[in-house]
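Shared between the two complexes below is chain A, which pairs with chain B and chain C, respectively.
Let's look at the complex of A and B:
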């Protein structure tokens, strides 16, 4: 029996008098359908008007000459904005920076976050308090984290230089945020610091869903630490791991707040990633070009997500066999 | 015990956790220490890791030199109203999505999730034009409306998870007793779900409080600016006054930290439930 209905009127007629279907699926009458629609309406209106309408409108701007500074000619220009961008040295630099930013941030975040989650899996005294303290960066915006690290990486009075000199790792202060060679390193270390928490939380939650019996069984079978990690732990939570990484790639790519707080894209645009550059272009008023960048970002991330999910899926069955 | 750890393993684990703790807390500690230093001693060698005397000069200076009180007030009003509105709207939508099957449900959920994949600021330009047409630029009302829209999708997904933990028989019983669906929802379900709803509200509040690009784009005048928009102005100046800057940073971090500490358990539950279940 079909339990899913588009037309509420038909639903009430067809299902009247029959037994309720299994599970939590339930039939509803036409009047109920109206009530449910009314419940959904505010959410749909808000998201439609302030998210989807600007989004779709923004997409068409990508194909027009739309510059706030000169609105005399907002004609359609086809792919002109995209061509301009691909030929733009600055834009190509931001693409390269984005890749460095995502990979450089995520690899350490993942490794440290994973290790922390493994350490936190088993209960110990004050674990709750420890988690509350260590997870606090999550509550703070990337922008503020950027400001905090901007101060710490200050070339003259920054605490990072002071500590490194005290440890005799450097002899003279490094102008971290003023020198193109070091700025990206500084920004990425701040982002690593900021994102470890997220991985630790997500992976810990997944680890806690793995039944203890699995570990006990593997211990009885004489599996060592490393063996247990690769044969039990990772296969059991691989779906969560895969999705967490995917989400983080997308979010990190799309999160220039920290960069705005720390360097504003400087020095000499060396720390601009695509999305931070996009915001700068928006602020300059060139909506056409900014929208073209947005369209490219969404397109590339979508392609990435599809290939990533395909790659993850094809490897699933083999892993599952090992897990058992 | 089978799972007993070796002593060396334990030492390594707690040393590692200790290092993580120090590294995590240090930036916060440093901004706190800076903010309580005498403005003159912030820029003095050698750096002091503990202020010789506590001074509130940076805080008083911040409020004297800028409209920081106004900014905080704006942030509070905008975040409170937006978070509350978003929670109520999401609650209604989440109830329907948790309890009923209908064909367009997948489409609605998909449309909500897609907004999480696309950064909110990607359509900044066309949003600005829309707000200009609605006469909602440089208006706190406008910002609230946009924040509500931005908050709804994730909040709905979180609340949907909380609804699924409450048996449907609860509101069915109330409806048999003569409650309408609406009053069953608010009189019976909402009280049961208070922790989850409070966590969702706090989650929304923190996100609105922290939001940067929309507030920078949509607000111009000092009387309307929120804290992040004001801070963006501070760091854009040629010479950053790190004394008042540190005080401002501390004041904008503290509320979110307290709220998050209260609700983090439930927020983590809400956010990870979907990921782990599938």
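Let's look at the complex of A and C:
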């Protein structure tokens, strides 16, 4: 049985003349252009001053001997900071940890978040209140969550061990944050809890834009739940799914605050990821080395973004059948 | 068309990714305004709400006594404070008076960010009122980059009842005695442990306290990481004995999860009644007093445990007030520093923050003579047993050392490295640093 693909043709809803023809840019000149520029200026200045100026400053520091503890010599050192990092065993360890951290966090976050979104899409009593409760963690600071989870996972006073012991799942307290084997599991668990909400919010918003007619049509065609999920739901929100995963990979890679709050990178640096190590090096005053790490992170994430988007890029929909 | 479709998400991805770099840039400085009267900007580092309230009260007293000077206090969160101060100093504006710590005085003075107050303090009668330790810090190396407001010294908090139940008549006097008593008290099945071990942030400090006690007869008092023969304390064979004892204390008398315990957990361990001993600064006295689990008669403090030769090294950590080199109101700023480090203001600050005081007159004050403070008085009264030493905490690489040594202590107690290995790396680290590499 083939399900008829009936994507809504967005362009067909537009009236002719409401938009310039595709491929042509609208040009402004003279006074209008100046007025528009004036309106945009605050945003341009703000972003330039607070995002791109520090960014460019950071890039040039990566090639200098920029150590806050001794600023008497901040000369250019070429690729020295990068070479030091690549020869640093701890840095290599943090790269491995970053991959574990991103993949270990992202997969459960995505699956749980998706399931929650599907569930929250259905109408039930107090749905609004429940949605608000589900989305609450996203409003809390990551560092604060780190501190809370640090106490929850405390071997002696923590609620996690207490619950596991009461449920007779363990006999003796697990030193969660003291043992490298468990510490990564603990920080990833906290991050999963924290990040599920993001997926739930984004995917739910996308699901609400899928027209009910599609589901009705698929039901008439006799599609089951699984078939509907893979042939209607997922294709309809594919762009959102791709972008949320991309953004979440970047954010997770760049969010060391939870690790800092929970383990400080310990025990024995076993839970440091690249960006938490970068903060540590910044605290030590070596802005040159920290900036080199930042440049590498931007480069790697940019490469990832390009390949990822190429891999999941949306093809122009080819209609198998259009019912007019 | 496809390329344009990709442009927006790519730009967004690039912007999100670049946030990693923007964290490295210096922040904007705040600028003091002066309109008719002098307005001083003061920034503190070891911030907590109670202390900030007290500082504001003392500042109000200063403003009352010095009309024409207004002080604006900036209180960044503690864990970002020194970085914030560093950024303010780097910009050269926005700060007049600042909190300088023994860990920051080195980098701040090397970069000429803080002002040498020596000429301004030369004829100050407040110098005469300072204890020898406070005076030494004020005039370190012939310069006066800070006047300390107090000292943080270690003493042993202990549970009187648990020590008695374990069959001992009093608290331990030496490190081996501490290990012996802690092992007796240790009973994991009842969630009761001997010692509140510090394995997390700041953990190396306590390991070094044990090492110092073992090498005390050969230690260089002015640079307590050096022996009198010029080598590092970590090169001494006695240091290996000290770390072996320290590992024993962890493995057989401390909670397993204390590998990651920092200040809050170790204090909580003691105040919740889980552990029998705690090595901490006097500021913890107030916290222990607030405990609802252990009563006043159940705990006390004892002097820092001594090493095999019956002596201990007391590394007095300190912090104080200094003046920014970039300040346009240095005279008024120095006036504020003098006010805060003399007379009633200095005494009040010591008492309410549980600090070892900077004034000689404190020895006669009943507040410091009795109760938990008695051990500090006892240590001060026996300088030949509790030898005051200065650790090289003000060196520019102090944060780097802190991170490295804390991680090394975790490797040591989790069995990933042996004492001799750790000591060798510490010895090499300091030898290289002192050689200027």
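Assume the second predicted complex is superposed on the first by the 278 of 324 C-alpha atoms of A that agree within 3 Å, B and C clash if a C-alpha of one lies under 4 Å from a C-alpha of the other, contacts with A are read in each partner's own complex, and residues count from 1 in each chain.
Methods note: contacts are C-beta pairs under 8 Å (C-beta built on N, C-alpha and C of every residue); 3 or more make two chains touch, one makes a residue touch a chain.
In this text, all values refer to a predicted model and were calculated from it rather than measured experimentally.
When both complexes are superposed on chain A, chain B and chain C clash. In the superposition on chain A, A:229 contacts neither chain B nor chain C. In the overlay built on the shared chain, the residue A:311 is in contact with neither chain B nor chain C. Of the two partner chains, chain B is the only one that A:119 touches; chain C does not reach it. With both structures placed on the common chain, the touch criterion links A:254 to chain B and to chain C. In the superposed pair of complexes, A:301 makes contact with chain B and with chain C alike. With both structures placed on the common chain, the touch criterion links A:111 to neither chain B nor chain C.
Note on chain A: of its two partners chain C and chain B, the one contacting more of its residues is B.
In the superposition on chain A, contact of A:201 is made with chain B only, not with chain C. When the shared chain is aligned, chain C comes close enough to touch A:269, but chain B does not.
Of the two partner chains placed around the shared chain by superposition, chain B is the only one that A:136 touches, whereas chain C remains out of contact.
In the overlay built on chain A, none of the stretches 132-140, 240-248, 258-266 or 330-338 of chain C clash with chain B except 258-266. Residues common to the contacts of chain A with chain B and with chain C across the two structures: 50-51, 53-55, 57-58, 61, 68, 154, 156-157, 243, 250, 254, 264, 275, 278-279, 282-283, 287, 290-291, 294, 297-298, 301, 305. Of all residues in chain C, those touching chain A in their complex are 1-2, 5-6, 9-10, 12-26, 83, 86, 90, 106-107, 110-111, 188, 191, 193, 199-201, 255-260, 262, 265, 268-269, 272, 274, 396-397, 399-400, 403, 406-408, 410-411, 414, 416.
On chain A, the positions that touch chain B within their shared complex are 3-6, 24-26, 28, 32, 35-36, 39-40, 42-44, 46-47, 49-55, 57-58, 61, 66, 68, 112, 115-116, 119-120, 122, 130, 132-141, 143-145, 147-152, 154, 156-157, 159, 162, 193, 196-197, 201-202, 205-206, 209, 212, 215-216, 219-220, 225, 239-240, 243-244, 250, 254-255, 257, 260-261, 264, 275, 278-279, 282-283, 287, 290-291, 294, 297-298, 301, 305. Against chain C, the residues of chain A that register as touching in their complex are 22-23, 50-51, 53-55, 57-59, 61, 68-72, 154-157, 172-173, 175-180, 183, 243, 246-247, 250-251, 254, 263-269, 275, 278-280, 282-287, 290-291, 294-295, 297-298, 301-302, 305-306, 309-310, 313-314, 316. By the touch criterion given at the top, residues 2-3, 9, 13, 16-17, 20-21, 23-25, 27-28, 30-31, 34, 42-43, 45-47, 89-90, 92-93, 95-96, 99-105, 108, 111-112, 115, 117-127, 129-130, 145-146, 148-150, 152-153, 156, 168, 181-182, 206, 209-213, 217, 228, 231-232, 235-236, 242, 245-246, 249, 252-253, 256-257, 259-261, 264, 268, 272, 275-276, 278 of chain B touch chain A in their complex.
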